[in-house]
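First chain A sits with chain B, and in the next complex the same chain sits with chain C.
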Partner chain A sequence: MLISQLQHSGLKEKLASTSQDLWALLPEIVIVSTIILLVVFDLIFKKNKSIGLAAIAFAGLAYCFVLTIQQWHSVESSKALMSGLLNLNRLSIFLKGGFIIGLTMALITAIRSGDLQKDFFKSSEILVMLFGLLLGASFMTLSSNLLMIYISIEVVSICSYILTGLTKGRKKAEAAMKYLIYGAVASAIMLYGMSWLYGFTGTLNLTDQSFAIAITQIPQLPLSIACVMVMGGFLFKLGAFPLHIWSPDVYEATPTPIVAVFSVLPKLAALVIIFKFVNLINTPLIDWELWIGILAIASMTVGNFSALWQKDIKRMLAYSSIAHAGFLLVGILAFSSSGNQAMLFYGSVYLMMNFGAFYLVQILERQTGDTSFQSMKGLGIKLPLIASLVLVVMIALTGLPPTAGFNGKLYIFSALWESYQADGHDILIWVFVFGLLNTVVALFYYLKLPYLLFFKTPQSEISLDNKEISDALVGTLFVLPLLLLFFRSDWFVGLMNSINFELWIP
Partner chain B sequence: MPFDYLLILGAFLFCVGLFVVVTRKNAILVLIGIELMLNAANINLIAFSSFDPNALQGQIFSLFIITVAAAEAAVGLSIVVKVYKHFQTADLDKINELKG
Partner chain C sequence: MVHLLSYIVFIPLVAALLVLLTPKVYQNLYRVLTVLGLGLTLVLIIFAVSKFDGSVQGAINSEANLQLVEKTEWFSMSLGSLGKFSVDYFVGTDGLNVGMLLLAGIVLLIGAIASWNIKEKQKAYFGLYLLLSSSILGCFVALDFFLFYLFFEFMLLPMYFLIGIWGGPRKEYAAIKFFLYTLVGSILILIVMIGLYNSVYDPVKTALEAGYEASQVEQVQQLVQDGTIKSGQIVKSFNMIHMADADNYIPGSFLEKSGLAKIFGQPARWIAFLALLIGFAIKLPAVPFHTWLPDAHVEAPTPISVVLAGILLKVGGYGLIRTAFVMFPDSAYHYSWLIGFFGMFAIIYGALNALAQKDLKKLIAYSSVSHMGFVLMGLAAMTVEGISGAIYQMYSHGLISAMLFLIAGVIYDRTHDRMIENYGGLASQMPKYTVFVAIAFFASLGLPGFSGFIAELMVFIGSFKSSAIPAWMPVVATTGLVLGAGYYLWTLQRMFFGKFWVKDKNWVNSLTDLNSREYLMLVPLVILILVFGIYPSLLLDLINNSVESFADHLFQFRK
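Let's look at the complex of A and B:
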């Protein structure tokens, strides 16, 4: 419902519709109640809190997941909530489900992390911040209003700054400082751009009719400046070129389970926001194909080439996530329903690949104490199961068969090719060429880790703890979907087909 | 006051803020620069809000910005304290150990 229409209806109806809409936000309400429960539990009990805190966290996640599945079945098309502040559709519900699975995987990683486990579940601080991040990310997928977009991005950002600097360490403090300054500047620039957009259109609601009409009547230069500024804030959260500089430092310093969350949740949520923004500012004055195309090419190339000479695995994965941000942008670039589906497929595969990769890195880190490539030499002989799982995940990240990473890249580039055939814009073919070349480059650095694990002899004697079987069992659970989706990707594609990407609310 | 002046004031504040962020080396001064940029957006939003007399969305937005900026400043300053504990300085050029 439009805000202007609501003006004339009475307060009573407004309150009635708002309280009606609260039912659609039940998963978010469960997240908030979990946060409150965690804090209260932390206050009441003095000792041995870890089991209780973990139980509350997992119960909250499970309940939230069940509610999300119920919501999936009850929502067919887009639905405006809270007088148009939020826009509930299957796309956001799907991603919310993915985020919940991802956070669960991160918590499992934390449990299996040895020393770090004590930090993680000692008090409720880290868990509360992680749930706050989940809350912000799910609101990011829901919002269709500039105010809501800003608030949800800030919720995610502030939780991320705190998570980076929360545990003790010199490097962590430095990374948090850098993250905060880059992030705050990016969001300030985004806000200034948003204030211009508000001035041009007189509304903050991106799905409003008056917004769509007003946006076509603005001269090119001011509109372009405003859009560049707003996109700056989104690209920062996506971690794409040119606002990617923070991510290697933050990834290197932050504890691994938290990095896994950073590398997926804000990224996919920002992707949805960019998708909405680009599709709703639909005017011939802005050549989105050219802009997004250049960003995608630059992200892929910068990410992949910088990853080649990294000495730390987490840093390498940071650059890899920059490159993947480029591939995800290609899905938006296609501007077709098959492109949107490919983007979502790639996003879900990316979620599984990254949580799998960071889980395995955490296991290796527990054995050696750090994450440099140097210390990984020869571990594969002692930990054959873990090392072969690493190999599978790295093949998936490169995008080769027999893993779902291959399907993701295949879908995304075939959608791009279709769009090229349809409209013949030159930039599309360039993105295509650069994408394929980059996949070849990616092969070199992704396979470095399995190579070091299997074919090098260890420099010094490492004492291992005998937990490999259980580690590998959990790892298999994380990695199996990647293989399964390669052979039976039609399961997933069926799910995608039932998602309506239409952003306008009838 | 003419409407243009408000927008020029906003643009001026934004440029000063960005200049402070780019040139200053002290972390606290950088945070002050960020506050200036946020307030530039506030002024713009409130100015544009006069064209939107029914909903006043711009004014509501600026209230939210003020609140979030306070939270961000609190987190920022606490991180500065933490950095100072480890590095004994708040100079951003000297806080540069993560490289590669």
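Let's look at the complex of A and C:
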């Protein structure tokens, strides 16, 4: 299709506008350059590469972040790039900024992880894959074209498969294989669904006028089938019910800093894609409120109830992230500007909570050697600072004051109530009730870790390294925003107010 | 003092920070800091109560009725189509909470003195205790629902750890049970809070937003009802006082007073009221949501039991009045028979259970359930006497139950055993202790001269007069009084009278009479119980005007 377009409108003009658009992709270009630098550096130097690799990685992230901030100030409304393949707006810039912060936090976690530090910075492999994942996730937030969505999702997926299997171990190989098979099937089905949509509408561009018109003329059944197939791929990346089964195994087997990245970047990027997809396929033939509502309820409930029985913290957090995927979907469900903002707020808080949680789990793991609940008994007496931070993060994940987790839930459910008040769709009240009652279930397993840390006495003597103060200082940096945003969430929401959620390009 | 209430709420918090910052070498300072901090708080509370003018008259839903008000904007932001999201730091007192504030100050200080013997992990204990104190006090004075909810939720976590770390053998189970039960309640309250927020606007802020003067409130209310002021200019509000005024509901919103909106086929306002009722009834606790209470009490250390029975239960009752009854008077009237029935049921059920207990602390816990039934029945009566009685009962029970749990603590400290059957004839061994036990028991069973009598009498007068609940309910409930006399006198007889006997001979030497610290806690309580039993007007004068306007507020729906 691209080629035919090029022939129509003149190659020269097209190339000119494309090279013009490259400036808007500067952050992504920096990511690619960082990847190349990492690889080249790895090839040239033979020994003691870790400091150099870390320096390149952090410098790349920092520069990319600066560029993203500049972009935030220069872009006001949605802008089509690359002949409509991409759609640059403040929503995507906001998320890109979040992703960069997230990856930085993951790398800091890796540095403080003790043994893992070597794996991460010994050679460039893990870093390159992580940056590749960042690149894919960035493009996911930018895409508004089905082809581009598919490619960026695949970039993220392939990096994820490799990251899961990269470190040695039988369990890891199994998890990576499982991940790959599930992922490949989900992608294939999604691609098939996309081909249906292309067949119906004759365009791959979701923001195209012709797409919007054509979509209303398709009979209900084939359109529904196509949407189910496409949504399958998205839900796989979101890690929501019913395509969540891969995540506990993958989370358990993968090194903690990488899991932290898995649990946030692809998830939020997929959320944005679902948000675009659902809002752009705007036809009364598909009752999106019912669909998303059922998915949200199922994700929250399945995630929470499965998390109750876990014996490993990382598996527990995996199920918790499934439950949170449900909560994030509620923001889409409201179909209102307040819902969009609440969704973004919740997503940002989720990012902070998860990186904080995985950081602390990594610190505990360094002390005990594994991540089972049993080995955490009584550590709170020896590590009071870390254990207190764990408590704050777990309270935030549950969604209780005084943490931003509460604000996130409050705004999401306020938006939901508002849209129930407006259209009275029955599913909304069920989501409301289920969502809030799920919080009670969630409390039960989130409190398990603080409970073991504080209430139990240690089974055997554990030798601790005396790094608690520095661990806690870094941890405080991760956790403090959760408290600050409770008391002054207006600071953050003010930033979001300038985001235009309009998906159409005028 | 301008920020009197803020000082009251935040002094314990500052003390908590001081405790955290004091190095472990000086760990004996922790309890001193705690007692000093809460002592200062109590002094300020007494000062505030003395400044409180009981003659101020105003409607329960107008800010004119409030005293010692502090109101500043906490944060305000626009959230998409939800409009302006504005939360105030808004605290103040009126007749409904002034008594609770005083009670909280007294009981918290006594709890701090009772904590003197805590030896394990002192820093954490006193830090959490002060944190709990701060959130309890905040909960009683907050008048912004968001702020109220923050304090309400924030009580859970310190309490969870205080029971779970320093409690008895089954402490973990009791702590998590307490947390989960109360959290279910707070989720229900949160649901209604979101609903109310979506339905209520702030007429003053809306006036300013729409370009009117702040004084033109009534005009603005009219314009909002007409639809002249559009939704974009309406500033929604968490203000609990505004939520009590029917004119402040956005037309067409879910919880609008005349609204026909239905949830699950029932009027939305009824559902909201029920959610609040259950939410606070769990905290109160009312049968059948009471089962966490005996466990929590039995496992909690003595000072925490004192605080739990003395104040935390009252948060439930106070919340019920402040939110459910004041904001949904129509629904309250509709469900008054139900509330009255559960009150009556709790009185008898709690008393019957108390009769069957072998553990002294469990007996007292069930007697609390029974006595909280009077609060529900008094409220359901919806008469001035009934409501005053309910508030008086909360106040009086706060003092009496604190004393009862201290008494149970005295014996537990000495022998680590609370089984009634393991003791006999203690009067000869511990005569002074027996005197205090007898006073506490008689006060609790409602003997004239003690504060409990006044409260229960007013509740009965109120409910016999009431047109909201049938007369057979108070009639049946009187059997609760007989049962109460039964279990207390029987316990007194089994444990204290007759020949001295204890199960374990080693206890004999440890069963010494009261020490000076115990006197320090028990004597003031006895004096207070007697004073408020003989001069009820001390408290009633403070609350009377508010209760009357509250009753008027309810009365509109009682025709």
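Keep in mind that, in the parts below, the second predicted complex is superposed on the first by the 498 of 506 C-alpha atoms of A that agree within 3 Å, B and C clash if a C-alpha of one lies under 4 Å from a C-alpha of the other, contacts with A are read in each partner's own complex, and residues count from 1 in each chain.
Here is the rule we go by: contacts are C-beta pairs under 8 Å (C-beta built on N, C-alpha and C of every residue); 3 or more make two chains touch, one makes a residue touch a chain.
For clarity, every value in this text was computed on a predicted model and none was experimentally measured.
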Exercise. So, does A:310 touch the first partner chain B, the second partner chain C, both, or neither?
Worked result: first
For this session: Kindly classify A:171 by the partners it touches after superposition: chain B alone (first), chain C alone (second), both, or neither?
Result: first
For this session: Answer with first, second, both or neither: which of chain B and chain C does A:158 touch in the superposed model?
Result: first
Problem set entry | Which superposed partner A:484 touches (first chain B, second chain C, both, neither) | neither
Problem set entry | Complex contacts: residues of chain A adjacent to chain C | 336-342, 391, 395, 400-402, 406, 410-411, 413-415, 417-418, 420-421, 429, 432-433, 436-437, 439-440, 443-444, 447, 451, 454-455, 487-490, 493-494, 497
Exercise. Mind pulling up the chain A residues that touch chain B in the complex?
Worked result: 3-4, 7, 146-147, 150-151, 154, 157-158, 161-162, 165, 170-171, 173-178, 180-181, 184-185, 188-189, 191-192, 194-196, 198-199, 202-204, 248-249, 252-253, 310-312, 315
Seminar exercise, completed: In the complex, the residues of chain C that touch chain A are 74-82, 85, 149-150, 153-154, 156-157, 160-161, 164-165, 171-172, 176, 179-180, 183-184, 187, 190-191, 194-195, 197-198, 253-254, 261, 263-264
Problem set entry | Residues of chain B that touch chain A when the two form their complex | 10, 14, 17-18, 21, 27, 30-31, 34, 37-38, 40-41, 44-45, 47-48, 51-52, 54-55, 57-58, 60-61, 64-65, 68, 71-72, 75-76, 79-80, 82-83, 85-87, 92, 95-98, 100
